[in-house]
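One chain, subunit A, appears in both complexes that follow, with subunit B as partner in the first and subunit C in the second.
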Partner chain A sequence: MEVSETLAHHILDHDFGVMFGTLHLPITAHTVTMFCISIVLLVMGILMARQGKSGFSRLMHTLGEEYVAFMRDGIVVPGMGAEGKTFVSYFCTLFLFILVSNLAGLIPQMKTITSNIAITGGLALCSGALIVYCGIKFHGVWGFVKTFVPGGTPWWLVPLIFPLEVVSLLIRVCVLAIRLFANMISGHMVLLSLLLIVFIIGQLSKMAGVGTALPAMGLEIAMTLLELLVAFLQAYVFTLLTSIYAGLVIHSH
Partner chain B sequence: MEKLLNPDFGVMALTIVNFLLLVWLLHKFAWKSIIGALEKREKQIADDKAAAAQARQEAQNIKAELDAKLQHIAEQAAQKMQEAVALGNAQREQLLTESRQQADRLIEQAKAQIEAEKNKALADVREQVVNTALLAAVKVTQQQMNKESAEKVVDEVLREVKSAGSARA
Partner chain C sequence: MRFGPFSPQDQVTVTTLGLEFAVAVALGTGVGFWADRHFDSLPWLTVLGMFAGFALGMYILIKEARRMARQAAPRKEDKKDGSI
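Right, the complex of A and B next:
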């Protein structure tokens, strides 16, 4: 097996090919991980919402309140204004889902589902739908369409500006998906490549392979720490950009 | 490797359904109650802050009122003190004047008394001198008198002396 094939084997999704009648259900390693993450998040959310008297219950509730307050006052309101408070639940779920998905790959036998363009694309489409929903909710359908033409634009520029603005919105949504996907997959590729170096050199010379193992492991640890940072950073960036894009649509004049 | 960039639309659809379902479930079972509790606490904190601010304003008003009262009392006390000092000074001056007048009067009375005593003493001395001179004159004249006239003169003198003594007593 070539290096590129080995890398692809470890990174690519594996379809178990479950058929439901004539319908092909995409039950893959990534979707199973996604279901597991969803269940974990749901249980965590329920634990955080409970207002029990035990220390653990109070700790979870306090954590939940702090998290919601951070999302509302640190991301949603600065990006969307007071109108965004209606969507705090969406952003709270989005950030936690992306963060846990990013971190899941660091657990053995789990997959980083955000290294799958279909999954980041699905999340970006949800955010795109939210942006459009905000535009229609606060401006109406015709008002939202008009926001694609900035105020003061000469009439003869409208046919040029309007498609550009529409494409700009689509690109923003695509970029959300690609940024998260690229950041997560690149980290995994580097981690796997560092591991493969040891085996490639080991095939040439066993002594050289053993000699390479120690520096490769050091780099692995450093890269894993970097991955941790990137996991938080990318979850934050995705959520923040979604709120900013939605805010731009809500407050466009 | 090109599979990496070819999205599986089935997975994408499943992701959207799964994620939206998760958003709804978490909103229903977690975020809603957490946001409710958070907003309730924030409202309580805001109310407490407003009440504290109002209490502080009231305390400041009371303090300003008390300060003004204290200032007024201090001014009144200073005024009363000035009045008392002025009254004390006036009374002292009056007492001094009265004492001086009384002393002058006593001195005058003493002087008059001394003068009267002196005059009286001088009169007594003068009388004694006269009497002694008379006795001496009598004694001188006695040498030229006989026994009978002498006895007569002596008796007369004795009477006079006696009467003078009783009058002085």
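Right, the complex of A and C next:
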């Protein structure tokens, strides 16, 4: 197998789709992983919400409380102000889902679903919908439309500024999707490329391949640790940026 | 941790500005290319779209810089007064 084929095989999605007559139901590695993540998060959420007497139950409940408090005071309120408190549940779900999705690739046979632009695009669309909903909720439909024209704009510039502002909102949503997707897929490509170096050099000379294995594995471990950091960082940045963009729409005068 | 007069939120926003600029140029070029193929006028609308995307990128950049400067200004004055 060529190097590019090996990379594509490990990074891209695989369709094990089922055919119902002419209807194709695409069951892919990414959708299966996503369902597994959803079930894990659902069970975790139920465990966190329950107030049992056992030590484990109390630990999960305390962890849940700390997590929600961190999301509210560290991300939502600084970005959106007190108005954002009603949306804390969305941000809690978003952060945990992205974090677990980013980390899922480290488990054998599981895939990092955030290295699929369709999934990051879906998440970004949800965030875009939240931004528009915030605008309509706090300003009304006409008030939200008026926020696309900054105060003090001369009337003859409005036909130019209005489309620019609308497109810049669309670009922000695109950036959310591209940023997460690019970070996750590039990290995986680097990890796999470092592994493949050993085999490429091993084909040229077995001794050289053995000699390359040790430094390549050292770099691999370092990059995996960096990937762990990136997984947390990107989940945090995605959530924080969503709150900032929603806050800009809420507080635009 | 705060660097300069800007809030942590502004610092995260700054990291997206480069990508926003790139997406604006790519979007303009893409729309221009699509229009060129539609009207069979290659390469003029692609070039026009690229420049329009560049202008949009600059607009986003300048608007964000002005917003951050406006928000950071009161914090600078607070420091002069000796308050935190």
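Throughout what follows, the second predicted complex is superposed on the first by the 248 of 253 C-alpha atoms of A that agree within 3 Å, B and C clash if a C-alpha of one lies under 4 Å from a C-alpha of the other, contacts with A are read in each partner's own complex, and residues count from 1 in each chain.
Going forward, a residue touches a chain if its C-beta (ideal position, glycine included) is under 8 Å from a C-beta of that chain, and two chains touch if they have at least 3 such contacts.
Just so we're clear, the structure is a prediction, and the values are computed from it rather than from any experiment.
Superposition of the two structures on subunit A shows subunit C fitting alongside subunit B with no clash.
Between subunit B and subunit C, B touches the greater number of residues of subunit A. In the superposition on chain A, A:Ile244 makes contact with subunit C only, while subunit B stays out of contact range. Within the superposed three-chain model, A:Ala29 lies out of touch with both subunit B and subunit C [touch as defined at top].
In the superposition on chain A, contact of A:Val190 is made with neither subunit B nor subunit C.
Contacts of A:Ile200 after superposition: neither subunit B nor subunit C is touched. Of the two partner chains placed around the shared chain by superposition, subunit C is the only one that A:Pro78 touches, whereas subunit B remains out of contact. When the two complexes are overlaid on their common chain A, residue A:Met223 makes contact with neither subunit B nor subunit C. In the superposition on chain A, A:Arg172 contacts subunit C only, with no contact to subunit B. Once chain A of one complex is fitted onto chain A of the other, the partner contacts of A:Val149 are absent, as it touches neither subunit B nor subunit C. After superposition on chain A, the vertex angle at the CA centre of subunit A, spanning the CA centres of subunit B and subunit C, is 90 degrees to the nearest 10.
For the pair subunit B and subunit C, the minimum alpha-carbon spacing after aligning on chain A is 14 Å.
Once both structures are placed on chain A, no subunit A residue is touched by subunit B and, in the other complex, by subunit C. The residues of subunit C lying in touch with subunit A in their complex are 7-9, 12-13, 15-16, 19-20, 23-24, 27, 56, 59-60, 63. Only residues 78-79, 150, 164, 167-168, 171-172, 174-175, 178-179, 237, 240-241, 244, 247 of subunit A touch subunit C when the two sit together in their complex. Residues of subunit A that touch subunit B in their complex: 4, 7-8, 11-13, 15, 24-26, 28, 30-31, 34-35, 38, 41-42, 45-46, 48-49, 51, 61, 64-65, 68-69, 72, 88-90, 92-94, 97, 116-119, 121-123, 125-126, 185.
Contact residues on subunit B toward subunit A in their complex (touch as defined above): 1, 3-16, 18-23, 25-27, 29-35, 37-38, 41.
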